[in-house]
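Next come the structures, one after another.
Consider the two complexes below, in which subunit A is the common component and subunit B and subunit C are the respective partners.
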Partner chain A sequence: MRQYFKNIYEAIATILVGMGVTWRHLFTRAVTIQYPHVKRTLPERSRMQLFVEMDDCIGCMACERACPVDCIEIKTVRGGKDEDLGQTSNGQKKRLHVVQFDIDMGKCCYCSDCVFPCPTGAIRMTPEYEFITYDRSTLLTKFATYSPEEISELEERERKEKEAQAAAKAAKLKAAEEAKKAAAGTDEPKSE
Partner chain B sequence: MEPLVQFFFNLLPFLSDWPEWLALTVIGVAAAIMMFGFIAIFALIAIWLERKISGHMQDRLGPMEVGGWHGWAQTIADTVKLLVKEDIIPEKADRPLFKLAPMIVFTAALSGFAVLPWSSEFIPADLDVGLLYILSISSFAVIGILMGGWSSNNKWSLYGAMRGVSQVVSYEIPAALALLAVIMSAGTMSMRGLVMAQSGNILDWNVFNFFPLTTIAFFIYFIASLAEVNRTPFDLPEGESELVGGFHTEYSAMRFAFFFLGEYANMFVVSAIAATVFLGGWLPPFEALGFIPGPLWFVGKALLLVFVQMWLRWTLPRLRVDQLMYTCWKVLTPFSMAIILLIGLWKVL
Partner chain C sequence: MKKSNIPESQFELQVPDSLKTEEMTLSMGPQHPSTHGVLQVILKTDGEIITSAKPQIGYLHRCFEKHAENITWHQVIPFTDRLDYIASMNNNLGYVIGLERMMNLEVNERAEHLRVVVSELNRIASHLIALGTYGLDIGAYTPFLYVFRDREKILDLFEEICGARLLYNYIWVGGVAYDAPDGWREKVLEFCDYFDPKVKEYNDILTFNKIFIERTANVGVIPAEVGINYGVSGPSLRGSGVDFDLRRDDPYSIYDRFDFNVITGKGEMGTVGDTWDRYWVRVAEMVESVKIIRQALENLPEGDAKETVPRNIKVPAGEYYMRTETPRGELGFYIISDGSKMPNRVKVRSPAFCNLSVLPAVAPGVMIADLVAIIGSLDIVLGEVDR
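This part shows the complex of A and B:
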């Protein structure tokens, strides 16, 4: 019998305590952030959208190789012999034209593995997170600043250079062979 | 129906020249539409308020966008959404019963409004047995709940409906007994008579009349009424964590909205009964405040109780089925019996 009344008393008392708690919380300040109107600034090192500082990129393709989902695509053209492509911010000399540097953010898994191997710190993750689009293809970000004409011009030059090189090599080979032949001609009787 | 007819004749004198049947029909339809309008507006405001209260009690904000100021138009937008949604009826459902169930639940809630005394002049029907009428009509809703749960042909709906029936039927007993205590002291069952018997200041109200007996009766009635309208902590019929949605699992669009509307109308009805029977209805707490019109006092007291219902909802977790039955049969019913006995003795001696 005592237990019965004790139970009732405890039920009433605890309900009142609970109501007190909710009453206090009714007047405490809400913790909600009204997102599109008020934005919380993310920490500096948050891993959101990728960004590439093209002035610093030397086209070493370390990031492309490191990417586990292959979302980076780089194409480079060798710079001319006495062409000055400038220096990166940490003093490394640039030798390659980076004619294509595409990152597909739709594929990116935000692992940040591309950031660590970069020798010049050109590629990094930014706290920028609002890049939703209506079309998936717009998630493909192109960072290279070369125009198609420039690219074709550079490629043409490279092709010609290669041809010239190949021709030079062929000529060299031929010369070597001829020299060999000439040498062989003199040694012919000996080898027999 | 006399007070209401008198009210309309005073308001629009030309009605008394019409033939009686026409005038009565017009007045009846007008009153029903007014009550429906009141329920709709009350539900719009109460749902918004409930969301705001729940939000702030959990340190959130609740709806903030629709309509500008603190999301006041959120419920209107939701109503429009429910109106244009597809009305889905399960293939294996019992179609006539499925369609009838929300109508019965809402009709039961709406009929309760017939005897609510808004002020000394405005009471749709001043029945001699007003309280008995309202008790019987509110248990009518349980048929709608069982109907909805059964006809959905869904195990969760049926479980919810069965729980609802057992709960509502058992909690009617302490609710009726608690009201009986007041009926005994006031000597009338007419809603108007009950309010009239409490005239004076706040200490003449029935809550403080036979202190502390009627105060306990008031709390018993309030708890039992929470269970009757299926509000948390007694929302077992629709416990979403165990029964999906309970008896209204299969309902969508406007049929679901009518269940919802019925629930909120019921919340107001039980609060209004508590306000009438225990808190002096349309009477102001002090004679000096008599300049504020009666309906405002009546609605204000009812809304205060509605707020307490919401407050409890966001404070307490749901009861287990055995706890529910324990509370009803082993706590509320014996206590209300004891109160009736003591008040009877008091009256006799």
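This part shows the complex of A and C:
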């Protein structure tokens, strides 16, 4: 019987202790913020949306290789022989047209593994986090600025250049072979 | 009558034979809020008393181990984050130290200290969740809000040091991904000062509340030898009075330099190894973690934390089993390398999985409502159970 009342007493007493804590909390400032109206400034290291500064990208594909979930897709076309593609902000010469640079933010796991290997600091994570959409396909972010016509033009040129190169190489090989034959031809009569 | 190896006290509610009804099969979960994720428990009940409980797992299976065989050594680290997503830092640490030991890599002192600080902060964050959700499971809503308020402070610290709030990819082979920004050390110390009095607040509001004690003491007792036989580890095992902590007994990183106590359950409110003991171990462990953080920050050396990060990770052929103490227990990575740039095999010995396996042993004979208390006190994370 005594135990019974003791239990009741203890329950009420400890509840009051707990209530004391909540009561004290009534007079502290709220830690929550009214989100859409008030926004936190995020620290600069925040890993939210990815951003690629295309002027700085040299198309080395280091980021594509580093990504554990393969959500970056890069396609490059070699620049012409005497075409000047400019320089990146840290002074590297650009040699490739980056005609396609897609990042599927729907697949991205925000690990930032792609950011570290980039030699020019072109790809980076930004504190921008409000990019929710109604349609998942819009999460595929395209960074390249080339139009389809430009791409096909560039590809055509690359193909031609390659062909020309291949032709030149073949010609060279042929010439070398002929020279060899000729040399062999001149040798033959001697041995007779 | 003794049905299992549980103390008699749990059988006080035996139904007299004349009142016995048919057994009922009850499926608890996978959407049940107190199963901490997507766990399904198939219960056989005799009235209100459980006769058998069978956890059904696999709802969150993501093939971590198979994935790891197809990506490079470094790329596995973000995947380890996703095992136990409440304590990602500790997961990173286990895998990374395993690789470092295989590679015989010396790690920069500053990086080592930062690793300990973030791991212990993460341990506090994880135990806070364990506390809050445990209260929530058995009907105390307010403490949940309080612990989340304080956990938020830890997440803010993490966001500042590595940019992410939950899945950090912070601890790398040979060091850490980012050095601590200016003023971070002071902020952590500030948090330590802020946190110490908060533990008393949790104790006032939840731990020593009579109703809470009545609800948890003498419930779900895991005797020490049952715990050991089932491979239970971490706070759940220490709650049963086993004095075993890998940070002290098999030191990794620089844990051997710090002075901290290993907390064990003493049965203060009931039996040794009851749910209250497991809960209490977590509360007391947070205080110890704060101690470790203070010591690590005191001797935080200057230098470049990324100094020893190798450009390419080359793991010599061989195998290694690395075990570390995460907030849930002994996390083991069994790593096999064939010398190539991808792991040959990464097997995970996940503490939550082993802790959950004890459930069928302790569940028979308890009330359905107490099962919720038992699952909560084991503090499982389904991401790690299913991997």
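Structure notes:
Please note the rule applied: the second predicted complex is superposed on the first by the 164 of 192 C-alpha atoms of A that agree within 3 Å, B and C clash if a C-alpha of one lies under 4 Å from a C-alpha of the other, contacts with A are read in each partner's own complex, and residues count from 1 in each chain.
Just so we're on the same page, contacts are C-beta pairs under 8 Å (C-beta built on N, C-alpha and C of every residue); 3 or more make two chains touch, one makes a residue touch a chain.
All values reported here derive from a predicted model rather than from experimental measurement.
With both structures placed on the common chain, the touch criterion links A:P68 to subunit C but leaves subunit B unconnected. In the overlay built on the shared chain, the residue A:E10 is in contact with subunit C alone; subunit B does not reach it. Once chain A of one complex is fitted onto chain A of the other, the partner contacts of A:Q100 are absent, as it touches neither subunit B nor subunit C.
Which of subunit B and subunit C touches more residues of subunit A: that partner is C. In the superposed model, A:T28 makes contact with subunit B only, not with subunit C. When both complexes are overlaid on chain A, the residue A:T141 reaches neither subunit B nor subunit C. When the shared chain is aligned, subunit C comes close enough to touch A:S112, but subunit B does not.
Once chain A of one complex is fitted onto chain A of the other, the partner contacts of A:T126 are absent, as it touches neither subunit B nor subunit C.
Look at A:R45: by the touch rule set out above, it reaches subunit C but stays clear of subunit B. Looking at subunit A, you'll find residues 15, 18, 21-22, 31 touch subunit B in one structure and subunit C in the other.
Residues of subunit C touching subunit A in their complex: 71, 74-79, 81, 142, 149, 152, 159-164, 167, 169, 177-178, 181, 201, 204-206, 208-211, 214. The touching residues of subunit A, when paired with subunit C in their complex, are 7, 10-11, 13-15, 17-18, 20-22, 31, 42-43, 45-47, 66, 68, 109-113, 116, 125. Those residues of subunit A lying in contact with subunit B across their complex are 4, 8, 15, 18-19, 21-23, 25-32, 34.
Against subunit A, in their complex, subunit B makes its touches with residues 53, 55-61, 64, 311-312, 314-316, 330-331.
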